[in-house]
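Each of the two complexes below includes chain A, the first together with chain B, the second together with chain C.
Right, the complex of A and B next:
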């Protein structure tokens, strides 16, 4: 007994014991599924049997539907990242500005959507952007003599709806990150800039933005990975089947093939492609922002 | 001190582990014994212990029906009662859970409802459902047979139908009257288009709405003519001549004769359409009979103004309906109480009592034909109140004209492509001709099936 106690508290064993929970969850919930996804992507799976079919799934996968899913996902990611970085920065600076009135109501107003589920928000968006003349958005448009739109039927307006929903939902959260970043910028910097006669755009460009750089990197990272994994924003508008696939994302494609149609092999193949994409984009980002290999320095 | 604490922790962990295992052992043995003891006691006192049947469904509207069926079965079989435990899950989740339970071989229920577009997913490889042919055969002749075929493979029936899903035409009487048209004069689709022209001319309203993001316009029209997406052997025939002509006909209704429009909201289940039709936006709507519930729930303004009629024919003696949609109830062959499950299904899905309940409780058109003449169909309910007509008179009229599609592998993918691309590109965007779009659809599905 004494020996075992010594073993547990020894410097050799203890680290393994402490890291075990992570390692075990990693193996069970990530490594094992990944390996079995790789195997399944080369199989045709029906209840009770799985047959190896070589690259058959990949042959079926690479067609215009999948390309559409990829291009939708990329376009969505671009716009959502672009807006979800610039808008929250501006808002957080505004909220941080000393002469802004009604700061707390403003903060609450912007942050509130973050606690609403995307699905609930989406249902409301769906009603606002109905295609009848009497729907909320179309009735506003008609005041400006713009003809009513079929929002969920066209590729451009469909993308607009998805980006809008994501922006509505996440602006508050990202603003929170930037506000925390702003707290860390010493006031002295602004004071000395004042003495040097800098106006506010100068201060914003040369003090605020550079100081926020680590936060921006972080927000871009999580926004890109969230954009690539987008599913709900599309699902709430079209329930998985949109006209001409204007709302199809990679995750939507995996869901449709793997779960709705039961083609687990094809779904696995698409899942692997998504994994590759996220991996490549992440490595490029980390490399570009100089976060890779930092520990050795 | 530290050592003592860590020693304590380890001991506690070990004890927890061991006692956990031990209690599991206890659990698996003792209740079994006590159950059988109780069983024998009860058997001596009042018949036997009820057999527990687990069931999964995806629509809690049906709960009342199953409750009634359990009571009815137990009344008929006092010696062999059942305890039906129905669990409702959301649509996708239930089918996913079922698929996973079957794949992993654990946790599957004894009975389950499977929706028609999901059904072919389960009929591949080793079929997990019990062969129900033996209970279907004795009564097959009094049922709409095509409703068994959709849940069959290689001549064996694996699922029992919930409803017929007979497609009918709902006319708005006010609009027809305004245009001076009578629905009695509309016998063929040609008559329908002519009537549509009058409606358009007199009222300015469209006669008809075309689903561009769902299948319920194109699909029933081709089934009516004996065509389909797939033939009996599962070959793709979606681009055959008859289907191309049908799609051209739909195209002409919208863009040449201008008597129809793409459905507001894309399909007949969108909020936009409910509001549109409720306000008298168009004169006629073609949907299966189960769509009645949407009228009752979402279109109160036109209560009493709607008339249900058979769908126009394509030829002089063509069919005037088609069986659309559906849910098949299955028994899983992995069930330890399969015999009881089958006997319960025989009562709850095929008997006269059960089929009457399909109408009285659920308001669906029961697939058992002799029920259509029964007394219960004349009783008042929310549907007779809304439509103020003998709904079954329409059904009796078309009873031999209700074909159903061939549900084979690729069916779900096909419906999905029709929903997303075919109708939208041909009717709304007009980027492809009917022939082009159907050929493309056929090759897309063939790619899957190879």
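Right, the complex of A and C next:
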């Protein structure tokens, strides 16, 4: 008995005890589901029975609906990444170099939306962008003689809502990433540029941006990955069924087919396509910028 | 002169951004104290008529709030069970990978990175099938178990522990501490800042998490807050009173906690927006 206790706390066994929680959950909740989703993607599944149908599910995916889901997802990812990199860089530079008074409160206010869930953000945005003429955004538009919009009914304004919601929640977080990056730029670089008589656009392009590159890579990676698996920003506006599928994303498609319609095979195939997209992006990133850009963090 | 103008526009831009950031939160909290007739007509705005402010919407949570209080309870239970266990297990794994040289270590670390890169969302359907076969649908266990060990937290703890000098562990071993006592009594206190950051990140993820609770908790009484709040917005009858005051009531506590623990929030939420 005593011997087994000693063995249990020996340096040989301890590491396996420490890492066991990960190994167990990895096998049960990752490895097994991965294998099972690959198998399911080749099956037609109805309650109680599963039949192999070859590539049938993947063939079904080549239709207008899935294409719409992919294109919505890509458009959303493009805009959210673009804005969530440029706007926070601009803000971080201004807050860091230009703002002296109320620096901390301003930073905190810009960060605050990050603690609000997307769901509550959606509740708020639905009210602000309500369709009545008297709704907040429409009443502002009317001051510029722009007719009131039915925001959630059109493809362009629907996309705008989703992108705005993501931008609202994440700008502050990304700004703090960039501010951390700015701390690492030695002041001497700016001073010697001053001596050379460089103006601020020159300093921004030749000192600030290149120094921020690792942080930019990191932020782009997490934003692309978050964009490709976007679901909530759409669900909070349309609860899974938007007019003409204007809010349908890849994950929304997986949810609808797999959970709402119970078509686990088709949903699995869509999931694997999503996996491929994310892997391709990750590999490109890995190849050009090193391990996730994380070692630089 | 040019500098002053530049500074003025910097302030203008940053202050506008700050106002746009907090306006929606402020408008929500303000609306939760307004009579519903006004909200139905104008939506959220900043109009303030002090004599019309009312607690009516909050009272309705207790009188006609349906399952709202149950959702609150469910969310709190998940938060209070999942966060500490998650912290303990994830820190153990990260610590194990960082401290020991053992067979399989590199493989385990590689798998942690792999799960970090591959979004768990693509496994929702097989996980759904697994959980329903385990008869865990509509249970806290089904909600919590698949995400109990957070790969991101493991990675974070591993990085943190690697930065702590080995001499601490070596000295403890010479003093005759067992491996587990070294972890719990010597190293855990040293890892406190990492625990703080990850506690905030994991707690926020638990409190706000949406798609998995949406799938697992299918009966109304089992909903968590985010799932419940979304369900209020039905095309047939939207309970605006509850939606607004209920939403405000999920945000206000977090904002209060945020102002007390800013440092940990920032450390946690900027440690990586990757979901844990």
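Following the convention adopted for this analysis, the second predicted complex is superposed on the first by the 258 of 297 C-alpha atoms of A that agree within 3 Å, B and C clash if a C-alpha of one lies under 4 Å from a C-alpha of the other, contacts with A are read in each partner's own complex, and residues count from 1 in each chain.
Basically, contacts are C-beta pairs under 8 Å (C-beta built on N, C-alpha and C of every residue); 3 or more make two chains touch, one makes a residue touch a chain.
A quick note: this is a predicted structure, and the numbers were derived from the prediction, not measured.
When both complexes are overlaid on chain A, chain B and chain C end up clashing with each other.
Looking at the shared chain after the overlay, A:267 reaches chain C, while chain B stays out of its contact range. When the shared chain is aligned, chain B comes close enough to touch A:63, but chain C does not. Contacts of A:40 after superposition: chain C is touched, whereas chain B is not reached. Of the two partner chains, neither chain B nor chain C is touched by A:71. Applying the stated contact rule after C-alpha superposition, one finds that A:256 touches chain B and leaves chain C untouched.
In the superposition on chain A, contact of A:11 is made with chain C only, not with chain B. In the superposition on chain A, A:127 makes contact with both chain B and chain C. Touch counts on chain A: comparing chain C and chain B, the chain ahead is C.
When the two complexes are overlaid on their common chain A, residue A:156 makes contact with neither chain B nor chain C.
Steric collision with chain C, judged by C-alpha atoms after aligning on chain A, is confined to one stretch of chain B among 91-99, 199-207 or 433-441, namely 91-99.
Once the two complexes are overlaid on chain A, the chain A residues touched by chain B in the first and by chain C in the second are 9, 127, 130, 132, 134-135, 259. Every residue of chain A that touches chain C in the complex is listed here, in rising order: 9-12, 14-19, 21-23, 25-26, 28-30, 32-34, 36-37, 40, 87, 90-91, 94-95, 98-99, 105-106, 108-128, 130, 132, 134-136, 139, 168, 170-173, 176-177, 180, 222, 225-226, 228-229, 231-232, 235-236, 239, 251, 254-255, 258-259, 264, 267-268, 271-272, 274-275, 278-279, 282, 291-292.
Within the complex, the chain A residues that touch chain B are 1, 4-5, 8-9, 46-49, 60, 63, 127, 130-132, 134-135, 152-153, 241-245, 256, 259-262. Chain contact summary for the complex, chain C toward chain A: residues 6-7, 10-11, 13-15, 17-22, 24-25, 27-28, 31, 39, 41-45, 89-90, 92-93, 95-97, 99-100, 102, 105, 108, 111-113, 115-130, 145-149, 151, 154, 178-180, 183, 204, 207-208, 210-211, 214-215, 225-226, 229-230, 233, 243-244, 247, 250-251, 254-255, 258, 262, 265-266, 269-270, 272-274. By the touch rule above, chain B contacts chain A in their complex via residues 2-3, 6-7, 10, 92, 96, 99, 102-103, 121-122, 124-128, 212-213, 264-266, 271-272, 275-276, 412-413, 416, 419-421, 424-425, 428-429, 444, 447-448.
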